[in-house]
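Shared between the two complexes below is chain A, which has chain B as its partner in the first and chain C in the second.
For the complex of A and B:
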């Protein structure tokens, strides 16, 4: 398994005379030996961070804890739902990461002792660390939407974690009669992949237009504005006239409860019974972050934007969807960008030095149809304890451009997925 | 006490002269590029590879994207987030990567 059962720092510090030395020279002296970094979560954040740590400092003992042996990527999974791509194209393994010197442990992390600096695993063993990186992604808050739970998700899929749920939504669309109603329920901010529900609406509409043109799609939204709104709404008009209806919060779009027995979504303004109901529930940081004491009352993790260290759990760093990153959206690109900056910060701290303030980038592509893409980009830096937009930079694709500009961005979207997955898993 | 001071000195020297952070921590912003611009030669991509490219060429492209004289898609928006000094550090680091 490659699990290390080395003495934790605390045990070592407890060993009499060594305590004096340890207090006098907290980190650097030990960092020379082989500092241990454990990374929990093998998605775009965690896998990127484990790899980057090993690249920056090959001497570090880096362990990646991830129970799944295959990672299924969410970006581009809307293409799977629309029948434009296979789920296998979304799947990646950890062999290359392990070959690069990262110890990959296929166990779920179930306990964290921040004082003893240990991670408990589902098989009863534990890992000691000098610094811990959490990249647990999101958990779905089933309790936040009455009527919705895991059993309901087998009838009204969320498809917000790629895999079986993605295929289930695909199968339901295939089984639907022409003329059916598809409803997508979208939560309030913050949630994973802000433009994702609207891209999903586009690509489902693309499938419907091609195969079931009398069908309709309604988006019930708990918000009055959304990411890349003008670009999406223009694309809906241009590509799918009359097919997509967006119901905003103020128009009664917020879904208060669902009834899986009848496939009904209930709002203040009325009920919508769908042939296919895609319910994206509210979210929070993955559960292990709460076990670690790293979540606040919002359910997300407040961090120092220079080091990514938790504001409530020392020596624990949080990256990706789980962290509160200010202006940075919860995206795979953000997670990868944060992972590399976090790896630099962790290696610098272990060396006993002060990390430099990072500068981060996010780029998110959305596809409105095959060959029709647009993007949002941003540059971020720490400001008032959060990541803030660098003023004058970033923004969305222009509204009025010829179709070849959209085609080019669609090409870049495809190549982004190939490039980032090669960097993380290849 | 004197021995203790010497001990501090030794430990400090060892810590600071260690190979940890041997020029491998990229300057702020640089690590993000490889999200789109492949670090390796695989996969083939319409997006240019930047590792090992001439630092002057990268600088020229970035300042062109920033002032709009070089048309692009996302790069015009991203380049505006960086100063000359930051771009120079990033370009130098990228050029030094294999």
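For the complex of A and C:
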């Protein structure tokens, strides 16, 4: 009773002090202190951005809207599929982000009123913002692949959003007989994680070679070239001879439809019936971006590369996989780089100044086997409304190097994952 | 691996309209590009494609430099009799490829 009384008296004094301050110093600085930024999406992009906003300008009211209490990271999830890692090692919470002063709201954003600057949430409440950051990741375009839908994904997993789907693909591989056929269907560009399907092929082949050596893996590809192609193809030859077959677009690799009843993938020139079918469908920006009016007819979000502000929805910024970033690939590293630059631009705009053009970095590591890694790195800057490669910067791992070089890159990959997840969630 | 891909239905009913798909792996170099040192990259394209159904030509196409690499040509015909479809691609530098497929018409 006495304690309650004391606390309420202290609250009363505190409120009075704030009121006095507001009356005594009605400066623009105070108005800035009240600026509200809402960030939608708690992945590598959104979580990084919310944190960076609070670090750059502690006075900002930053709200992170993310329905899931646990985030499951996609990078390294191919290791889970191959049985080399547990899903728990991919999972992170938002407690530390909340402890840093970000208000974390465990709700799905369902509506955006760009004029009134409000975000509607699934529970019927709404949040007002001065600037909104969207980091919604990708949605799967089920309608783009006849025969494939949510029900089909329970039989022919995409495993392109880490979590249950990752474990489902793992279980199917474990249940498959030695001598079975695994087929991976790869969409045309652009899609999340350009080297991902080929790393996945490697790590699945590693599992097959170890446990089910009579099995085969076919990649049906809607493209004729892919990220780190030479390194992957060399690794297939070196590590998994005769096990992986890549069927490119010009060899009839594009999957036009699927039949989940028979686990069949249908191309223009033939049918492939798989024991395990991993169907990675075409993608687009997460749905909330379309609700916000930030997507164009490609399904992705055109942005100003200096501020990340949407070209069609004012005061709304888009980062990560959902945005059209030119040469920058849709990766966790890109999303993290963009998030920090976007946070800086948003804080600068709120302060009434003009943001400077950022230079951004991305590195994508891929594992061809445990202890066998390689990478592609790039530096990007705004050019003609998109991100373009800075000439002479970055590059791809060399082709002909001893195995200890690949072992070191595999170590770097592990360090990268530990570092980025600590920065974003730790 | 054969550079030609073809897809002809193995079976059809007499009078059915059937779809035929073909894909030929080919660089289709336009002849309009230059190397870093300024030399013209010589033209190297497929110039003609034809399909015969039991010896009778049913489809022909002339191809030009504006057609993309790995020409994918698809067309429809009426299934009239069991027999053979023969395909032929001809191009620059003596390029010549053939393929064939059988159909049973009931």
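The definition used in the following text is that the second predicted complex is superposed on the first by the 394 of 426 C-alpha atoms of A that agree within 3 Å, B and C clash if a C-alpha of one lies under 4 Å from a C-alpha of the other, contacts with A are read in each partner's own complex, and residues count from 1 in each chain.
By our rule, contacts are C-beta pairs under 8 Å (C-beta built on N, C-alpha and C of every residue); 3 or more make two chains touch, one makes a residue touch a chain.
A quick note: this is a predicted structure, and the numbers were derived from the prediction, not measured.
Chemist: For the combined arrangement obtained by superposing on chain A, do chain B and chain C clash, or do they fit?
Modeler: fit
Chemist: Taking the superposition on A as described, I'd like to know which of chain B and chain C A:392 touches: first, second, both or neither.
Modeler: First partner only, chain B.
Chemist: Name the contact category of A:415: first (chain B only), second (chain C only), both, or neither.
Modeler: So A:415 only meets chain B here.
Chemist: In the overlaid three-chain picture, which partner chain does A:298 touch, first (chain B) or second (chain C), both, or neither?
Modeler: Neither partner.
Chemist: Counting residues of chain A in contact, which comes out ahead: chain B or chain C?
Modeler: So, of the two partners, B touches more residues of chain A.
Chemist: Considering only touches as defined above, state whether A:256 meets chain B (first), chain C (second), both or neither.
Modeler: In the superposition, A:256 touches no partner, neither chain B nor chain C.
Chemist: Identify the partner contact of A:270: answer first if only chain B is touched, second if only chain C is, both if each is, neither if none is.
Modeler: It touches chain C, and chain B stays clear.
Chemist: Which partner chains sit in contact with A:354 here, chain B, chain C, both or neither? Use first/second/both/neither.
Modeler: Neither partner.
Chemist: What does the superposition give for the shortest Cα distance from chain B to chain C, in Å?
Modeler: 23
Chemist: Quick check: in the complex, which residue numbers of chain B touch chain A?
Modeler: Answer in residue numbers: 8, 11-12, 14-16, 18-21, 24-29, 31-40, 42-43, 45-47, 73-74, 77-82, 86.
Chemist: Provide the residue numbers of chain C that touch chain A in the complex, in ascending order.
Modeler: Touching chain A: residues 1, 5-7, 21, 23, 25, 69-70, 72, 74 of chain C.
Chemist: Inside the complex, what are the residues of chain A that reach chain C?
Modeler: So the residues of chain A in touch with chain C come to 224, 249-252, 268-270.
Chemist: Which bits of chain A are touching chain B when the two form their complex?
Modeler: 24-25, 28-29, 31-32, 52, 55-57, 59, 333, 336-337, 340-341, 344, 347-348, 350-353, 356-361, 363, 375, 377-379, 381, 390, 392-395, 397, 405, 408-409, 411-412, 415-416, 418-420, 422-423, 426
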